[in-house]
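After this come two complexes, each holding chain A, first together with chain B and then together with chain C.
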Partner chain A sequence: MFKDLDPILHSQLRLAIMSLLIGVKEADFSYLKEKTGATAGNLSVQVQKLKEAGYIEVVKQFKDNYPQTLCKITDTGISRFEQYVADLKAYLGQ
Partner chain B sequence: MSEQQLSQQESLQLITEMIQKAKKSIHETGTSSILWGSAIAVCGLVNFAERQWQFSIGFDVWLLAMIAIIPQVWISVRESRERKVRTHTQVVLNNVWIVYGLSIFALVFYFNIVPGVTERLLAESGSQVFARNTTTGIETPFRSFIASSGSLLLLLYAIPTLITGLTHRFKPMIIGAVLCYGFFIASLFTDTRLDMLFNGLAAICNWLIPGLILRSLYLKEKAGRNV
Partner chain C sequence: MNDQLTPLQSIELIQSMISKTRSSLKANSFYFLFWGWLAFSALLVQFVLKTILDYPRHYLVWLVTIPAVFITIWYARKRHNPSARTYIGESMGQLWMGIGISFFVLSIIISAGPSGWLYAYPFFILFYGLGTFISGRLLQFKPMIIGGIFNWVLAAICPMLPYDYQILLAALALLTSYIIPGHLLNREN
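Take a look at the complex of A and B:
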């Protein structure tokens, strides 16, 4: 039934991450953790999967001597997200 | 939250919920607005008082506006450190305010340079402008100046304020900017003394009051998050 939906996005946490990133320029890892309520380990794994798929960019840097991970949706990520929403709407007959 | 599969309805619900969460997490602290509202209000009102009651505080009060850049840099650095997310709107509005800041400095530069250049160009062409006192008939060399310079400042104040207010749909800032346009029109018909009063009042309406409202909203939301 769901075979046509993008399997990368059709998972709760990855979809939550993409939904948060779609409306912003970039977000800190701690922001994603706070908003999704996920554990750091699980979030880190899902962020990596999205990065490997080319849906997001991940920049690791130092800010005030502390490591900071910034996540940003890519053009591919935007088009895949839009396609996913369009597919969902088609399923729901909207 | 896990890697579980979702139904179509659950997916759409999750997308909506996360987009709403992202929207709610955008907080303006109002600190910069309060800083500039206070600084420009003090400069405008003190300058008006000096002209109205013929006294001098011993230095150009508008230098305070230059000094206000120092705490602004500190505020910007601190807010940048605390910020966990940057929206496209924030980036665009920051750029609008940077361009505004540059334009204000360019305009102040223009106020200081153009009169001297005008006189030099006149002198080079062998001309000099005189002003004749219609009562005494005495003529004195006319010093060139930028007429109603305060009006140009008011016009410039309103632009980024209205853009910000309309973008955030923040009524106090929209009202402040509209009032600023009103002060601009009024200042076209008044002398420099009243232009300074309008500058001070515009800073209060444009930035100080909206800044205090923003600050109050920010502190309430922060307190709500900590409960």
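Take a look at the complex of A and C:
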């Protein structure tokens, strides 16, 4: 039905991740987990898909001896997100 | 996860997630309250030492800002997990770091001349006004915007008063720029 909508973004958890990342400079994995309420496993899979599509950058590093995964939206991600919102508006007849 | 989102559900999801990223106003209130009450108390102590007790080194009370800087840095590093760096949070951090450095430079300027300290408070109040006004704009929090503007008025009035009363005026400036907006901020969210 909504076949023109970007399939990478038209998925509940991936859209939630992208909506969070569009509002911040960067966020760590636990922040995304807390805000989306998703399980670590599912979140990890979706983050990987967004990364493979080039929509987000993922940096793994150590902070105070603990591993930390930082996610940041890319320029491609921002333009795809904007296009997705524009498509949604078109569907809603705005 | 249900992938059969309707466009309306998508819009709602986007809105709810974006609203979660808004800088928690409450998170910022610690800094305003901590520095507000600290400097407010220091000013009252300075006023008592100078005006009532006639103690010549009344300005030594300001040494309290040295440990306070370390407490602020410690607090800012402590609350970082789980974390996201927001543009507003970063802007606030840079703004107040800049103002903190300006206070430090101002202290050097006023201690360089023989009577520089006589003109110190209007400039300190001017910086309170600037920092509070911009913070209020960034957080879209009206009491801070009003507090900032009010402090600019106080800064303009300050040089017309005798020095001892400038100390009290600075305390009033802190009450209106840090303390009252800080408590109101704490009640938000």
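Keep this in mind: the second predicted complex is superposed on the first by the 94 of 94 C-alpha atoms of A that agree within 3 Å, B and C clash if a C-alpha of one lies under 4 Å from a C-alpha of the other, contacts with A are read in each partner's own complex, and residues count from 1 in each chain.
In this text, a contact is a pair of C-beta atoms (placed from the backbone, for glycine too) under 8 Å apart; a residue touches a chain by one contact, two chains touch by 3 or more.
Bear in mind that the values here come from a model prediction, so they are computed numbers and not experimental data.
On the superposed chain A, the two partners chain B and chain C do not both fit; they clash.
When both complexes are overlaid on chain A, the residue A:Gln48 reaches neither chain B nor chain C. Using the contact criterion defined above for the overlaid structures, shared-chain residue A:Gly37 touches chain B, although it does not reach chain C. Shared-chain residue A:Gln83: touches no atom of chain B or chain C.
When the shared chain is aligned, chain B and chain C each come close enough to touch A:Lys25.
Across the superposed pair, chain B and chain C both touch chain A at residues 2, 10-13, 15-16, 19-20, 22-28, 30-31, 34-36, 38, 42, 85, 88, 91-92.
Looking at the complex, you find that chain A touches chain B at residues 2, 10-16, 19-20, 22-28, 30-31, 34-38, 42, 46, 63-64, 85, 88, 91-92. Across the interface of their complex, chain A is touched by residues 1-6, 8-9, 11-12, 14-15, 17-19, 21-23, 25, 81, 84-88, 90-91 of chain B. Within the complex, the chain C residues that touch chain A are 1-3, 5-8, 10-11, 13-14, 17-18, 20-22, 81-87, 90.
Within the complex formed with chain C, the chain A residues making contact are 2, 5, 10-13, 15-16, 19-20, 22-31, 33-36, 38, 42, 84-85, 88, 91-92.
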